[in-house]
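Chain lettering (A, B, C, D, E and F) follows the sequence in which the chains are written, and residue indices restart at 1 in each chain.
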Amino acid sequence: MAWYDLPLEQLRTHRTATQAPADLDAFWSRVLAATEAAARPTTLERWKPGVYGPTPVWDVEFSGGRGDRIRAWYLRPAGVAEDEPLPVVVTSIGYGGGRSVPADHLALPALGFASLVMDTRGQGARWAVGSTGDGPDLGPELSTVMSRGITDPEQYYYTRLYCDVARAVDVAARDLPGVDSARIGVTGGSQGGALSLAAAALRPGLVRAVAADVPFLCDISRAIRITDSNPYKEVGDFLAQHVDLVETAERTLAYVDNAVLAPRITAPVHMTVGLMDDICPPSTVFAAFNALEVEDRSIVVNQFGGHSPSHVHDELKLRFLRERLGLA
Amino acid sequence: MAWYDLPLEQLRTHRTATQAPADLDAFWSRVLAATEAAARPTTLERWKPGVYGPTPVWDVEFSGGRGDRIRAWYLRPAGVAEDEPLPVVVTSIGYGGGRSVPADHLALPALGFASLVMDTRGQGARWAVGSTGDGPDLGPELSTVMSRGITDPEQYYYTRLYCDVARAVDVAARDLPGVDSARIGVTGGSQGGALSLAAAALRPGLVRAVAADVPFLCDISRAIRITDSNPYKEVGDFLAQHVDLVETAERTLAYVDNAVLAPRITAPVHMTVGLMDDICPPSTVFAAFNALEVEDRSIVVNQFGGHSPSHVHDELKLRFLRERLGLA
Amino acid sequence: MAWYDLPLEQLRTHRTATQAPADLDAFWSRVLAATEAAARPTTLERWKPGVYGPTPVWDVEFSGGRGDRIRAWYLRPAGVAEDEPLPVVVTSIGYGGGRSVPADHLALPALGFASLVMDTRGQGARWAVGSTGDGPDLGPELSTVMSRGITDPEQYYYTRLYCDVARAVDVAARDLPGVDSARIGVTGGSQGGALSLAAAALRPGLVRAVAADVPFLCDISRAIRITDSNPYKEVGDFLAQHVDLVETAERTLAYVDNAVLAPRITAPVHMTVGLMDDICPPSTVFAAFNALEVEDRSIVVNQFGGHSPSHVHDELKLRFLRERLGLA
Amino acid sequence: MAWYDLPLEQLRTHRTATQAPADLDAFWSRVLAATEAAARPTTLERWKPGVYGPTPVWDVEFSGGRGDRIRAWYLRPAGVAEDEPLPVVVTSIGYGGGRSVPADHLALPALGFASLVMDTRGQGARWAVGSTGDGPDLGPELSTVMSRGITDPEQYYYTRLYCDVARAVDVAARDLPGVDSARIGVTGGSQGGALSLAAAALRPGLVRAVAADVPFLCDISRAIRITDSNPYKEVGDFLAQHVDLVETAERTLAYVDNAVLAPRITAPVHMTVGLMDDICPPSTVFAAFNALEVEDRSIVVNQFGGHSPSHVHDELKLRFLRERLGLA
Amino acid sequence: MAWYDLPLEQLRTHRTATQAPADLDAFWSRVLAATEAAARPTTLERWKPGVYGPTPVWDVEFSGGRGDRIRAWYLRPAGVAEDEPLPVVVTSIGYGGGRSVPADHLALPALGFASLVMDTRGQGARWAVGSTGDGPDLGPELSTVMSRGITDPEQYYYTRLYCDVARAVDVAARDLPGVDSARIGVTGGSQGGALSLAAAALRPGLVRAVAADVPFLCDISRAIRITDSNPYKEVGDFLAQHVDLVETAERTLAYVDNAVLAPRITAPVHMTVGLMDDICPPSTVFAAFNALEVEDRSIVVNQFGGHSPSHVHDELKLRFLRERLGLA
Amino acid sequence: MAWYDLPLEQLRTHRTATQAPADLDAFWSRVLAATEAAARPTTLERWKPGVYGPTPVWDVEFSGGRGDRIRAWYLRPAGVAEDEPLPVVVTSIGYGGGRSVPADHLALPALGFASLVMDTRGQGARWAVGSTGDGPDLGPELSTVMSRGITDPEQYYYTRLYCDVARAVDVAARDLPGVDSARIGVTGGSQGGALSLAAAALRPGLVRAVAADVPFLCDISRAIRITDSNPYKEVGDFLAQHVDLVETAERTLAYVDNAVLAPRITAPVHMTVGLMDDICPPSTVFAAFNALEVEDRSIVVNQFGGHSPSHVHDELKLRFLRERLGLA
């Protein structure tokens, strides 16, 4: 996908045209409070020491949005006492994927972080397995979730999922053994980047570092008009049929738009963007970045990059997390 | 898609290798009984006479699978008294679509049939709108439903949807004004064909004619291995990740496989099949046809047809419905 | 296809850059006069009452462009006397299709309209059958007609086809039983929309309502430069080889360009347009709409729509036809 | 396209299942006689010496099928007297193309052949220009001709086109200056290969060498069922809609099937075939080759070749033509 | 890609038809001896402790095929003395990729293995960076290497690359600090799987465990005829033009065919295969597996898997490596 | 590909933003001098008179870039003495192709030109065969060469290839029999057009006419950002991974950018451009054209043309070559 979005100099200043809903703060206070009220205790169970040997892994279950039970992996570095307080990074997963197996998540523990990898409700089937359904009696699905509940912010799928990640931060701070709750980071790419930004916006008192690669769900109203690629295109396909719901849906989307939520973030932010990314258009990523009010923010531009961040840039991200979370 | 499946002479005798579950009848008795127990009264509301003029249309809501409320359209021919008992055809919709607007369904009333068009829960967004979610608080979605609940026949999406159409037949027989309950037909293409076969198999005492075009959900275990096209491919994509669930998923699918359910059908059946259909492979359609035990059955072969039935063949279908339901 | 054409506010005022040929009126007077001079009587034959039951259908043949015989269906509402004068709607078909079977055209009779469905000469094979060749001894073809005769307006395929639809209006007004010739409407989508606009422009005294969905053949010189999709692309592919014919071909196309013909229309017009339509780019549709001089005109914008109009919008179209043709 | 057709050892013996029509010889006698009866004199006009310098080129027009006028190029080697009798090769063009400009046809004159390059009626727009329409008042088109007239062998497009090439051989033998009529060859690839085989079958007394690359229109009934590629697919697409015309169309196609006509050929034949050719499946090419009864025949197999013959094999073809036509 | 290859029961016994070259052993002895003769000392340089913290990483350079210098990463578990002898796993990379950054390779050290990740000469640009050219003065390339040197086994690209991995095993055994040379494993997917099998076949005395996912370069003569996907298709595309080189090229390919080399392997082998893998067809993977003569071998079949192994199966692979290399 | 680049009026004045490297002239002087110093004598061997008859053909080998031996064809018109001094045209080949067989190159000799057709090192496998590797011990490859050596202008693949074509001009001037060295032209399309422009820029004293169709390698920094098509996309794909090499690579590319080299050209230039060319975007072609300082220059615009020039325009090119090289 050649350069199809705004030129770089305009990207540097592009702002979303979406207005924050008047009740944005009240909405999230109410929804999060209800979520917390519905929470039950977090459980941990040790996972396959015969496979993971020195790196301890736990299968975690905690209460997320609507009180639904969410699965996760908790991993700790090899050779560290279980109760030694460590910085912890909450990882969220890209669209269609679930928490996979812990083998996919050994990098952070190898670098000295404790790590909580949150499953994605009702996804977990397209390229990595999950174990969490979008509600009781449900399991992982090969799903398309962009329009699920889109007519009502309270019922919207991403409202629930944002609650999940906010709760994952709570769990990291309070329920996991051996965590220094003053050193919590969040990370992920694409949908995982969206969830990381959302976690930082909804848990500004807890999150201390955000590393978001090519984040999804930013400047959504623009995105659904300028890209033909899924998952944004799901919204357009839905509205091409449900022609009377355009305004309603865009109202809902504003509550989960990270370009709208970004000013709530207080933690340092590290982002990446690909100027040839057709899945998360660069202008939408910059819309979130440019809306950040925190001073410690940086964005790495991959001029020829699509939606897959360059592995070379991963080292910058890891250094950022180590430095901001006190490991370097 | 050139001829890629079995040669025609082998199609004529091909039988599914899937065994009927030992508890197939008990399963459906139990599930349908629970469905009926959860049912609330059907409601009808007149719809836009300013648009439809002489053809009366009602917006219907009835209780389907799990007691969930399902929407439908009820249309009657112009110039016929509202209480004149007419033959009624229950129409089901293809994958991704919903009941659309009544304007899409004026053919059957124009020919003298009363017509009940059932919405598809949790679909209704891909090419035709719907108004029914897959459960309370949910609406139509741009969804992919093949793996939803696939690990448990009781929780599987298509178990619910089959209950919906069985209930739609009940509603046609009992709750709609001006219906001759001894003249109920079912029809539809692709997923709508699957639902028509299922309705006839689950309501053998009520359904008197089945017209199923290129039906989906037949000989499913074969289908998911020989076609690359959605929606069957959704199952393969799910199982390519959830490698440990292959046997479990195939066990569930057997309960909704129309090649397994076909012997329960007692009504005359008219089917169509395209030898170049990559979405519903011809061998899987023949597997259902060849499993029928009713004598009055016919299948129209489109040698060069894909998944869209030829409009020329529609006239054969309409004549079949008119003759079997006493209109000719 | 994301938004690739002009922004909506520019679409609202976009005008074609194509000039009307100096002899435009003279050209069409001469061509239509020759067409009428070559006409022979219209014939009607009753079609399959065993299939269509209460809705009477006739197989029609009339003289169109160049005197060639054109087939059509004539359908009347059930339960209405054959000689009762009704409003009649002339329907034209999209590119590649023919008149299909009458079963595809039962909606208008069900709403109380008489209906004449014109076959498309030399098409009728790609997605719906036809029975009319592009001249004697010829039959329906799986054809691509955009460049047929393109070097000469008199010989151009679409000149003939426009004459067909003008004659279909004449036939509706004069030759069909039970028509109120003061209540003639025209409708169709894509190529059918182009033919509807053309019919209204060439028979301004007869046509009283035009419902044109996503019409083709508007602002053609722009269209062939901004879309990669067929059928407009056929012209570009032809001219990429016949590099010396660009000017000649564009001169021909001006005679059949509905953005050029639109000022001749006197009937109320209802149009639809999809902002993501890559087949009939929105700017070209607006070019025709903005060139209309009739006051009673409306255009329904589907922000996320491609080339398939939303079924939801069909109800607006049907209401428009009912109101303008005196059925509501 | 990986190996998808029969294994090589079965290709070596594969025969078409299509029966020769009982009246095949009578049909072609009658059609060719009518063609000759309608013929008018051939004309030649010198073409652009400023471009072609030493190689003389003429723009030719002759009477082909149905008496329609067909264009061609006549080229002669540089430095040879205009009346020196030379071997002449009649070249036919692949699907969609026309005779192009003479610059595309300088290879044969450079090797010492006179050369007649026949235009393709009603094509000549897709990748090379032409100047010949499919009838008077018509010009080259970006067309799809496979179903034009397919319901009647007399009216079928390829019957006319076969007459054109038979007449081109007559013209080469009688009307061109400086030709040794005992040394006429025919050549071409794909559709051009089909026309070369047909010319040899319809003019067995005149054609002395046939070089047909990956020929089209062989074992057509098989081809339309085993490949998804155009132009064979045009027939399947047509018949997928015109479901009642399958038998009729296949009857027509038998008259122009080179696997049926092959036994009439008396000249030496050189063919090429690609085992990965999805446009002209290898079994269909072998069906024609295996039906040849002439002893001097050879087929060059490109194991990994698609529809574009290897240039390396061109040298074999040229050597064949030189040897069989007395130039080596 | 639906099931397109042999049925599973035939896969279980399928053997390659390719004969081992008579001089296979002599060839590899000679080539490997020359490789060793050209070797210079291995160098190690510590890499970015600020990023990798507790996990030590070295940038390695060693002499591979033809004496060319090859880059690699050496990683050791956190919290283990640098000279503690550990089992070591040599990892090879898939087609188009290079060694990437060490962050991509932290899983094995986290489980207690030392790990040597070999760069891929002349690749390292398509999805993961490399630092090694295919010869001096050359760097990583976005390349296609399947036909490089294919006319001569001595000059063939994969001969060099196989020498690289054989040398990597030597380096692991002799040049790296803290390795137990009796516990060397090899692993990789696709091209990395091919290199792992090759390493075990060329260094049977050193390699003690082979974990090869969906390995490439097995039963190559079959693969290039039954799949349309790159990189195998590169060979077919080359031979479609170089028609005279088919035999020559296939002779070369036999020397690097793992279905031919497999009997030389003495270490336990764990493989995975996807029955819907169009890049490395399942029959070719089984051809290598079925040619193994070692008793301790296993193959995990993913019935619906394409070329990406399921992450779920990764845990089986890791357990295999831990058990065979004495970590469990 | 619809019009996606600048509008025609802006194309007419578009200039590249790439600056000429300060040492551009010194670089090329040094590189070309080294090339000449490494040269060995040219050899000619007669090729297959049995195929080519009156047109004499030689298989040529000469020393190109880095002293590597390059193959070529030398063809002379039929019927001309071998030592008669003729104008000669050096032809270069498009990306992926090699010199093919002489049969592909008979047009120029037929028109009276001597012709030298240069093979393309390390290509010659994708659509036409070659015989020249990119260095000793190497042969033709199915390759992708855009990033080979891209970090260093001295080592860059295209530096070598440009030296090849400069040397081919030298060879035409000095080493071939029967050449009038004052009448040397260069021609080719795409990569062949790039090489033709480069030859004229690097050998301004020898080249007297340049005919470059849709030339590649112009305004490269723009091209790699505005097109998604290969081969330009290879550079973007490489830099999407090698994110730290963007500046380095663009510095290298400036040395071979024909929009930078164009002012060095002194010969008349004839170019073609397609406004729908997605492979060599029209703005990049115009960037080279607009940078020409020679007065005798012309560019033929194909408004609807893609990357394949219209054959109709070929006659203009041939006339240009004949006139500028003294044949008309």
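Before moving on, here are some points about what is shown:
In the analysis below, a residue touches a chain if its C-beta (ideal position, glycine included) is under 8 Å from a C-beta of that chain, and two chains touch if they have at least 3 such contacts.
Chain by chain, the UniProt names read as follows: A, B, C, D, E, F = Cephalosporin-C deacetylase.
Everything numeric in this text was worked out from a predicted model, so none of it was measured.
Annotation of chain D and chain E: jointly contacted by B, F, touch as defined at the top. With steps allowed only between chains in touch, the distance from chain C over to chain F comes to 1.
C-beta contact counts were set side by side for B-D and E-F; E-F has more. Taking the CA centroid of chain C as reference, the farthest chain centroid is that of E. Repeating the D-E interface, with the same residue numbers in over half of the contact pairs, is the pair A-C out of A-B, A-C or E-F. Residue numbering at the chain A/chain B interface overlaps substantially, since over half of the positions present are found in both copies. Between the Cα centres of chain B and chain C there is a gap of 35 Å.
Separating the centre of chain A from that of chain F, both taken as means of CA atoms, is a distance of 50 Å. Within chain C, residues 127-129, 237, 241-242, 310-312 each touch two or more of the remaining chains.
Every pair of chains that touch is listed here: A-B, A-C, A-E, A-F, B-C, B-D, B-E, C-D, C-F, D-E, D-F, E-F.
Interface residues of chain A, counted against chain F in their complex, comprise 1-3, 274, 276, 302-306, 310-313. On the side of chain E, the complex with chain A involves touching residues 48, 50-55, 77-79, 100-101, 103-104, 106-107, 109-112, 127-129, 308, 310-312, 314-315, 318-319, 322, 327-328. Interface residues of chain B, counted against chain E in their complex, comprise 224-228, 235-237, 239-244, 246. Those residues of chain B lying in contact with chain A across their complex are 124-129, 137-144, 146-151, 155, 234, 237-238, 241-242.
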